[in-house]
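What follows is chain A paired twice: with chain B in the first complex and chain C in the second.
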Partner chain A sequence: MSEQTNDTNKNKMKNIEKTQVADIDRSIYDIRNDGADDYRFDAGLSAEIVERLSREKNDPDWMREFRLRSLEIYNRLEVPDWGPDISGLDMDHIATYVRPKNNKMQNKWEDVPEEIRDTFTQLGIPQAEHKYLAGVGAQYDSELVYHNVRKEVEGQGVVYMDFEGALHSEYEPMIREHFMHLVPPEDHKFAALHGAVWSGGSFVYVPKGVSVEIPLQSYFRLNAKGAGQFEHTLIIVDEGADLHFIEGCSAPRYNVANLHAGCVELFVRKNARLRYSTIENWSKNMYNLNTKRAIVEEGGKMEWVSGSFGSHVSYLYPMTILKGASSHMEFTGITFAGNGQNLDTGAKVVHTGADTSSYINTKSISKDGGVSTFRSSVVIGREAKRSKASVSCESLMLDSISRSDTIPAMEIYTSDADVGHEAQIGRISDEAVFYLMSRGISEEEARAMIVSGFADNVSKELPLEYAVEMNNLIRLEMKGSIG
Partner chain B sequence: MAIANSNTEMTRINPLAALTWHRLKVNDTSVRLENPASVNRAVCRIEGNTGAVHQMSELSGILPGALSDNLSGALSEIRTGAGEAFADWIRKTEIEAVRISADDNSESVRMHIGPAETVHTAVLPVEITVEDNKELTVIMKLTDAAKPCRGALAVQTRIKAGAGARVKLVQLQLTKYAAQVYTDIGADAGENARIEIVQLFAGGADVYAGSEIALRGDGSSSQVFIGYQGAGEGKLDFNYNAVHIGKNTDSGMTVNGVLRDSSQKTFRGTIDFKTGSSGAVGAETEDVLLLGETVVNKTVPLILCAEEDVKGSHGATIGQLEEEMLFYLGSRGISEEKAVDLMAGARIGRIIREIGDETAEQEAKAFLGIEEE
Partner chain C sequence: MSQNILEVKDLHVSVQDKEILKGVDLTIGSGETHVLMGPNGAGKSTLGFALMGNPRYEVTEGEILFNGQNIEDEPADKRARAGMFMSFQNPVEVPGLSVSSFIRSAIEQRTGKRPLLFKFRKELDSKMDALHIERSYAERDLNVGFSGGEKKKAEILQLHMLAPSLAILDETDSGLDVDAVRIVSEGIRAYQEEKKGSLLIITHNAKILESLHVDHTYVIVDGKIAAEGGADLIEQIGSEGFAAFEGSI
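Now for the complex of A and B:
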């Protein structure tokens, strides 16, 4: 990084260091370290690049072969024709691996290289860890730069490691058994891409009966221009255990395409519970083609809380397989699509176990020419007797240059099931704005308040600090919404 | 005897208004349509207001020139729900349309449409023009030939409603022997026009039904009521679009159905608010009663929106009869089997009541075995 850029960033940091309740300034996310990468692969995708990555990562043989097989699948599969246009994404211009300087992973923030530490400080990660997290993983471009878990949580037998470290540890057999089994590379083109070039990510194992009282968090930062981030997250919550995992992500804005094709695989064992919360705030040059999937055993419970605010284009539909009898899933999501954004988000659930239940509740907001699409699928299999599913989606249009589409699908293969669906689309009521203005609130603030209220399905499910951050993001997006 | 495969062509019909995951197999439906050169014209008997009905070849002699020009090919541009591939197939059959135009007679036009006694597909295009401020009701009964045959029946209906016009189309699918029934509707509503469609599908054939209503004129409205009953291995495949183009337009879709045995149903229903359709309201509800252990139900309700000042809603309830209802009826001495029949009949009966023609309502109830309430 040049000295000048460093100084500028430091000065900015002094002025805008984030507090948990302060207004959000977009420049926090836009801070970039122009010379932070030490080494990057040439842009493009080939067997040579995949082999080189595999050597770089010192992969076991099975993983190298897996990467190469995934590449073959990637080359064979077509780009989806049913979602937003991604023709602006050219893999020939994406570097699949970028290593930051001094990339050795640390477990003390003071040991993390200064310019990278500064970025995470501005994002509030060390402060959050200190106050209310059981452990933190921080990824910068393609590498984990920080990973730490509280001693008392470690003492309970909870494993929270960087994914590559886990692959070279005693957990290698467990990784091999689960890695891309829920999301096989054949699933879609960008799952195959992930299988070929993944790097970084986290591995979590919560032993039987252990309840992790405070959340773990992984934060993903993509600093490099024209690069991809392909982290892999694997979480196993064993029988009767309980975990809340938080995922955050952001990137500075560039005028070229960046790509995020991460993969999250979640295994929720018998009577276990996992809550997976995400506040996604990628920069608006990002193609976010992420895949998340969970499988839930008997009596288990999977809860997704998802806020999508960033990215130029998103394809994001966390999927849950309710395999065990009496397993349950809840998905609570909000998507805010502003100028230049086409966010295609939603959820998928497959009921295969008897007496299973699912509840999908989403809100979406479109503004300034943004396009928001809610897309879902609910499948009730023949054996999923007495299952219940409910889908509720609401969309808010803030102007007539934006677009909001709702594309749900329900497939039911047994008579012994109950499925309900409701969808609504509309605008902010003039009466509500008028009422708030009559109480001395400006029109802009009134509209922002109404939109924040509209998003309360998600904010009330998040820890307070994250709910505040989400509301601030909404206020930021609503700035200048009048006229 | 069935039509040889070599004389059919796989065609994709009922396209979903916006694509979704292909693995769900709801983006469209593939059907085998017979070579257009070998299809027959459907047998069509007309009762009621016969004066409103014209064959194309009669037009020049009977109607004033201006009206004749107005009718000739004017409706061919109207998009239909089954999609362009189906419309193209109908065009290639070169079968002349029955053209109906409203006159001052308020009596309904009653059409009995059925296949000829062959295995070949019977096709009938119908074009309905209702000029400004006129009203017309057309009741179509899709029936079988006098003796059992396994031919398919395909009816395509295009409707043009002028400013302030009122059009009601009732279609009753009461076939027992036809292998497939295709019904494809396209409608265009002028300012303050109202289009109402009531359709009843009684099973006994695989049914492919599409409809697209363009609410082009400001203040125009549409109401679609669909009742269906699936039984045996029967397939029902629907694609219904309400396209809001004009300001203050209003659309409603009410779909009630019962699936028995191993029947399969796909319902695609789309409310599409185009830019400029401010003040529009669209509502869609579907109620599906699942009675067969191995039924397959697919429901795909879309709301597409490019306008801020609109209200769109969709609600679906899919499942069995509530235990409480069965218990209540049981406590009144009604057997479970009878209770199920009663509740299934009530769902379809709700749609039958929208027909608004006593003769047709009685006929539909008799065909379905629905008892008087």
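Now for the complex of A and C:
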């Protein structure tokens, strides 16, 4: 390799800094803060632990009862047996609650304890807030450590609070009315677990007709070893309102399993629009068993943008219920499964309103023995006359030891539905690599360009800074793939 | 004595163990334009791919000297960075990679410096105008949905932007209408005259050569050079076809 290329690599390194995902060098994401928690529950789960958590949180009675009821459901339900193996996840060894030191939520970064602030600074969160976000919430292990919203957004009546703060505020009735109504604890074992031990997360309410011009972001960082993160996100976008919410996640790598079982519930009211973007970059010892669901009223629009890069095992299928007539959903996702990763991702949509439409467009990349499975489920109910649904999944396998599967399901109960499904599995063509090389581009760079191009329609949906980060993640994953 | 940019000595090339080139010799001096003609299947494109370093084309015997250096074992990107270029007969479509970011990255990899955006765009725009390529094509995915003529013009655009010292043009005239042939041919002439670039033009059609200065012509038949000469050989082929050469090896 020539000296010039080394120079350009050096330049790239500057940009990559905060997106180290490969096992070999995740220097930024891998900063562990060994002394940052001062309080953690014993591993395992019992009614006593749940009661203690509830007392610790000063929960209202209804919430304590809800937690205990969820625990009963959790104990009753079986671990799912239809997806990737999660037997490496032993709940007796997962700490459900870890409180960072000096836990008091701040609205100035200066007031956040130094070692925690340093972690977020290295992840670029305060810088991002300064540049292009309307509000930021930063959660460290089980607790929000920072929360701030721009004055002008607050002035519009937008509520963006840490979830527990909201639970003890005037919004309690609103939370009680919506909390785990879309994702009831009966849904599956990890939803029940979430109901029992949730902590942290965000509550957002956008009043009628208000358009939030710049995105809000919550960043979830799981630092503690052998712990679980169970944040709850509840967003209500009222009639005619408009919001873009970004969720980011990362964790350092440990040799023991960590668990993420968050829950996201999104309510999109009449003629409102919500875009929910995620770049998930958990470390590769993480079990990411996250549940996300949205319900959309008449004329409303739900847009999902989802990038899954990290975790050891993922089960992630954001679901949308198109309840109101003429409501619409778009899902754009990309999954990149590398060595040791089994990422089972996809999307689900249920059409119950007439003239509803959904558009699912996903890409998956697998490499170095990674397994990527795409599951989609489209249900068009009896009342959903003249509905349209389109599902497209393209997979790219970068070598012969990796795997890519597509499992589409459709249930149509009307006679006039317009439904399409398309799946493609391919490899990088040698011809294309040679073509780019004939212009002076190295083989590694040529492959990275082809893979980035493959992911282009997803990065186009992201705000510029996140698109850059996603491309860096791809490049990093592609590094050293020759040879 | 002018420096030879390319010397090919007794080149044998196989594709999947089938020998296609059976001992080819040719020498191109700096700034010269050579033309390689021959019937379908004679090995014209094979020579182009072997020179550029496509790994499917295995050099089993002989040498390729580029600026006096042996390059048979070098990968295509190194040959390109040393100044070689090839215009493809069938340019490859690359979804999600725009024409402009592709060319900018290629320049960056060749020079080690990322071209400044403003200067780069200005140059790209003026070269696109000269080739009658709509400027909006700069942001389109590379070759995706381009017509045959648009693909070939995009190849010539890359030739101009990358400014190599030797360009191999593989059937750059195939599938073009009369106007496109004229535009592409003018583009090649600009490269000859302004860049003083060397050319190996592979074609089976004399049309594109009408307005170009040609120094030397080869006729390849069944993997071997069957005849060579000056520009007058092109006229002879034009009137007699390749049949006359097929018995000569």
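In the analysis below, the second predicted complex is superposed on the first by the 458 of 483 C-alpha atoms of A that agree within 3 Å, B and C clash if a C-alpha of one lies under 4 Å from a C-alpha of the other, contacts with A are read in each partner's own complex, and residues count from 1 in each chain.
The rule is simple: a contact is a pair of C-beta atoms (placed from the backbone, for glycine too) under 8 Å apart; a residue touches a chain by one contact, two chains touch by 3 or more.
Treat the numbers as computed from the prediction; the structure is a model and nothing was measured.
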Under the stated touch criterion, which partner chain does A:217 make contact with: chain B (first), chain C (second), both, or neither? neither
Partner chain(s) touched by A:407 [first = chain B, second = chain C, both, neither]: first
Which partner does A:423 reach: the first (chain B), the second (chain C), both, or neither? first
Could you say whether A:436 touches chain B, chain C, both of them, or neither, answering first, second, both or neither? second
Looking at A:277, would you say it contacts chain B, chain C, both, or neither? Reply first, second, both or neither. neither
Give one of first, second, both or neither to describe whether A:472 is in contact with chain B, with chain C, with both, or with none. neither
Chain A contact footprint on chain C (complex, rising order): 52-56, 75-77, 79-81, 85-86, 88, 91-97, 102-103, 105-106, 108-114, 141, 158, 162
Contacts from chain B onto chain A in the complex sit at residues 18-22, 24, 26-27, 259, 273, 275, 278, 290-320
Can you list the residues on chain A that touch chain B in the complex? 81-82, 375, 377, 382, 395, 397-400, 402-427
Which positions of chain A touch chain C when the two form their complex? 2-5, 7-8, 11, 429-432, 434-443, 445-446, 449-450, 452-457
